[in-house]
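Chains: A, B and C, in written order; residue numbering restarts at 1 for each.
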Amino acid sequence: MNRTNDQPAEAVPRYDEIAPEMGFREYWYPACLAKEISEKPLPMTLMGEPIMFLRRNGKLYALADECPHRGTRLSLGNCQFPGTNTITCVYHGWTFDVTNGKCVAALTDGPNSAVVNKVSARTYPTTECQGIVWIWMGHQKPVAPEEDIPPLFRQATIVKVVRRLAYGNWRWHVENPGMGHALMLHRSSLFMRVRTYPGFAKNIQPKLSDDGIDGTWLCEYCDDVGMAAEFPGLGVWPQPTLGRGLVHEDMSPLHGVAAKVSLRLPGITRVTHFPINGAMYYEWFVQTDADHYIYFQVCCGYSKTLAERASFLARYHLWGHFSGMIRFNQQDLSMVANSQDFVNRHGSWNGPTKLYAPDCFQLAWRDYAARYARDIAKRPAATANASTVAAGTAAAG
Amino acid sequence: MNRTNDQPAEAVPRYDEIAPEMGFREYWYPACLAKEISEKPLPMTLMGEPIMFLRRNGKLYALADECPHRGTRLSLGNCQFPGTNTITCVYHGWTFDVTNGKCVAALTDGPNSAVVNKVSARTYPTTECQGIVWIWMGHQKPVAPEEDIPPLFRQATIVKVVRRLAYGNWRWHVENPGMGHALMLHRSSLFMRVRTYPGFAKNIQPKLSDDGIDGTWLCEYCDDVGMAAEFPGLGVWPQPTLGRGLVHEDMSPLHGVAAKVSLRLPGITRVTHFPINGAMYYEWFVQTDADHYIYFQVCCGYSKTLAERASFLARYHLWGHFSGMIRFNQQDLSMVANSQDFVNRHGSWNGPTKLYAPDCFQLAWRDYAARYARDIAKRPAATANASTVAAGTAAAG
Amino acid sequence: MNRTNDQPAEAVPRYDEIAPEMGFREYWYPACLAKEISEKPLPMTLMGEPIMFLRRNGKLYALADECPHRGTRLSLGNCQFPGTNTITCVYHGWTFDVTNGKCVAALTDGPNSAVVNKVSARTYPTTECQGIVWIWMGHQKPVAPEEDIPPLFRQATIVKVVRRLAYGNWRWHVENPGMGHALMLHRSSLFMRVRTYPGFAKNIQPKLSDDGIDGTWLCEYCDDVGMAAEFPGLGVWPQPTLGRGLVHEDMSPLHGVAAKVSLRLPGITRVTHFPINGAMYYEWFVQTDADHYIYFQVCCGYSKTLAERASFLARYHLWGHFSGMIRFNQQDLSMVANSQDFVNRHGSWNGPTKLYAPDCFQLAWRDYAARYARDIAKRPAATANASTVAAGTAAAG
């Protein structure tokens, strides 16, 4: 299928120009764990904005952490009227209904204060799913959370979360996954040193796929790999390594998902059989400020019996958690951190980079995001044929 | 009295636009303690400028701490000619008369150096009063110190000083005092938990007053308060607190000053009966750099007998110093620090703030400062009727 | 000789405007010690650029420490093909020939990757001399190292190096040397307190000299000094000091060099008989980032016999190293650090400074650099009469 037949090329904005430093806004993002939120406000910074999470009568709310009066952090306040859905600012006593952000009293001005019902703090839609708190920071009307939280994640019977505040930008981390980096960067990882591992990819094919299993994903398929080869003038690479093949690597489809690695808007990574066989792994990158993002890792299990659950947990805690989600992924964090220094030296997020064939997956991501991100006003219908994406990309290398 | 009859409204500049980040310059400010200054220079940064204080033959001087030759800190130098009023730069030996800043020798160039009497370091007028060193950093001719140092401060027989380098900007701290914040922010303070304390202000009236007692001050009068009230849909506030009323709060006029809290240019706070009954309390905010200011607190006593003095000192050291000037005022510092982060997020010092009725005192301050600050070239005579200010302000809430 | 007869005045650019913050580029600079470089890359930042040094088969190479693919630090990589002149990036396996920077393989893309021979990392010419690694960071074709590394340095039989990462800018340090600062700043130094030391310079004459001994240098000659004098209204200066004259100061020409202090492009200081009699001393200032430079100090000896060598080393290690190169020169570093704060306050590197007669040496440096620096495209021939420089300068004091 030819893109020019489908739509004019200029309809797709340049990803370089539109990928927002703080992330695409019109999506649900994970923020923290449901068990972390109590009556006492939890302050966070998300997408550069101060936000606080709190509960009232068991229900979860998120508000701008800034009193409209003098900008004081509302999270320094507390509830002066137990049992009500309110929080009172510590500075002058402005009191807000957390369900809608309305100022319902200015205590130090008495019951008849003129600001009552005239002023509001911004509220953010939230939801809870699998023990995680999700927030909608978009300017548009929120979509149903099910549109953004993948089905296979929602169906998991075991959910293990690891979070780190990472140095860098989400745009680099979402372009990190794929065979290109795995075959080199992770080769030295304990996790990979014991697996049978190819040397290079021969034919990477990115493909946008919505087959009703887990929503729409940009999948990285690769039907041919080379185990080792002679590089002219250099020698054979990779050389055999002691320990290779000790651990069986399951490459079979998992719950119908055939690609090892997939991406999805607003920037979610999905990996099958990671960090242990049978696990579905998701990553979210939630930018906090110009230089940091929350690296949100989730390992999902699908046990049906107690024995399956015990096996999964044992393998996760004895091996997958430490060797995979901690150490293996620390290598990725180092590369993204490195990129941030590169950005600071060159003054533009993508700098003077040159790409090679395996980057067709990254180029397909850029094309997919530029076409379909909800933040972009005039975008084609999301039902465009998946092969359009693959056809529209070619590595520059 | 109608302001439009008195003068055209456009004669008053907008305070938002003219309040200087580093403070109004054409005023005397406290800098340090007289006992801290010796022959050896003391370097400070005031209003963003490097300044050094030193004594020669017992007299106090302040000079720009920057050699006109190569910008070296003059405070690194010393006196090469004992008994003279000079300081010599450590780098090349340029020697300055500290009484007028004139270069009187360039030692390494011999007695006939061409720069002698051709080059000067800036000097700043200084004075000593109540053990405190005051500096004039204005560009205009200095006024008599008595114009800026309040009479009741000068008459004190006991002067206790507390200083802290605070994070934030003086413009926020000068707008902190008043009933609005006190009734909420300080309610939780140990200092206030034991006093009878109203719930809210009913009729705050700012009034510019020069009745010959302590110079001109913008006083916050409030002739009616509510002790507690039913807030619709929320409940009664404040709730009774254990300990309230243990300490008698003296609200009587002190030395003729009737208002509890007053403000004065360039940004002085005056509070009666704080931190102990019978004490007059003053605060100065001396900006040092873009993010910090010296928070200068002074507690004044007026003992006539040794017994009065002993009582004052005992109450100050056992209660007022710690519960008042340290802990109570630390709450204010937290709020100002908070505001600085707000400013950094929003990029303008006052940001998108919304005011309420008790802020009529803060609005009156802005109006008063915009009208009368010496920094503003074309301003009406300082004898304008005090009620003009009150009439010209109205809370936006 | 009159400058206007020689050439139009406008042919000389203003040094203030053209002296680069990171240093003149078209010169050889010392970077590190030869013994520090091994097969494992050593990362540095020079002139704001990330650079790595490494050896392959014993030979020294320098490359931009930034993979052209994604900007990753190449110095994180290693050699995947032992025995070859390559380094492989840790992220995706791009492999570079360190001799020319060419990408010779992209391992994870297999032997037929399209980027091979299409992409390069920048390489920098290097050389080794006297155990020091030198780098050419210019955009022009490198000159022969002998043009930039002084002959008397290359002929030394003893070379002692001290390096410090200093706070400040090279432009201030290169204007530090000379009699003006020495007679004041270093008077308090242990090193100078034991030497006979004049009070002031009477007739400083900068002279550009290329007499075939050590290349072209701007020499500071001074044929008359005053030991002490009466300063009108102040007294006699300097006063006699206990210990003066204990150590003999050799002022004789050293290997034909008559001036005590000399300067040379791109900013090299040369001092005779420092830090011990008979030693030739050189300083380089290699800027790393906006606020720091490497302060590279070298003490050269010229022993012909074992006894001479032993004497030199004993005097260096027991006295010259500590009292001279460490403590004496620490005074200079303090002054340059001071200047950086001055620059930050005033926003321009040279600020509102005023000069005096001994600064004729510094003005001659500016004139010399503005005329002859290779970075400046249209400059007169380097053979211009030396007296032109002296004639073209006059202290502003």
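In this section, a contact is a pair of C-beta atoms (placed from the backbone, for glycine too) under 8 Å apart; a residue touches a chain by one contact, two chains touch by 3 or more.
The structure presented is a predicted model; accordingly, all values stated were derived computationally and were not measured.
At the chain A-chain C interface, residue numbers used by both copies make up under half of all numbers present, so the two copies contact each other through mostly different positions.
Here the C-alpha atoms of chain A line up with those of chain B after a rotation of 120°, rounded in steps of 5. Centroid to centroid, with C-alpha atoms defining each point, chain A and chain C lie 49 Å apart.
Contacts with at least two other chains are made by no residue of chain A. Contact residues of chain A toward chain C in the complex are 179-181, 183-185, 199-202, 226, 229-235, 237-238, 334-335, 338-339, 342-343, 345-346, 351-358, 395, 397.
The touching residues of chain C, when paired with chain A in their complex, are 48, 50, 66, 68-73, 76, 80-81, 84, 86, 88-95, 104-111, 113-115, 118-119.
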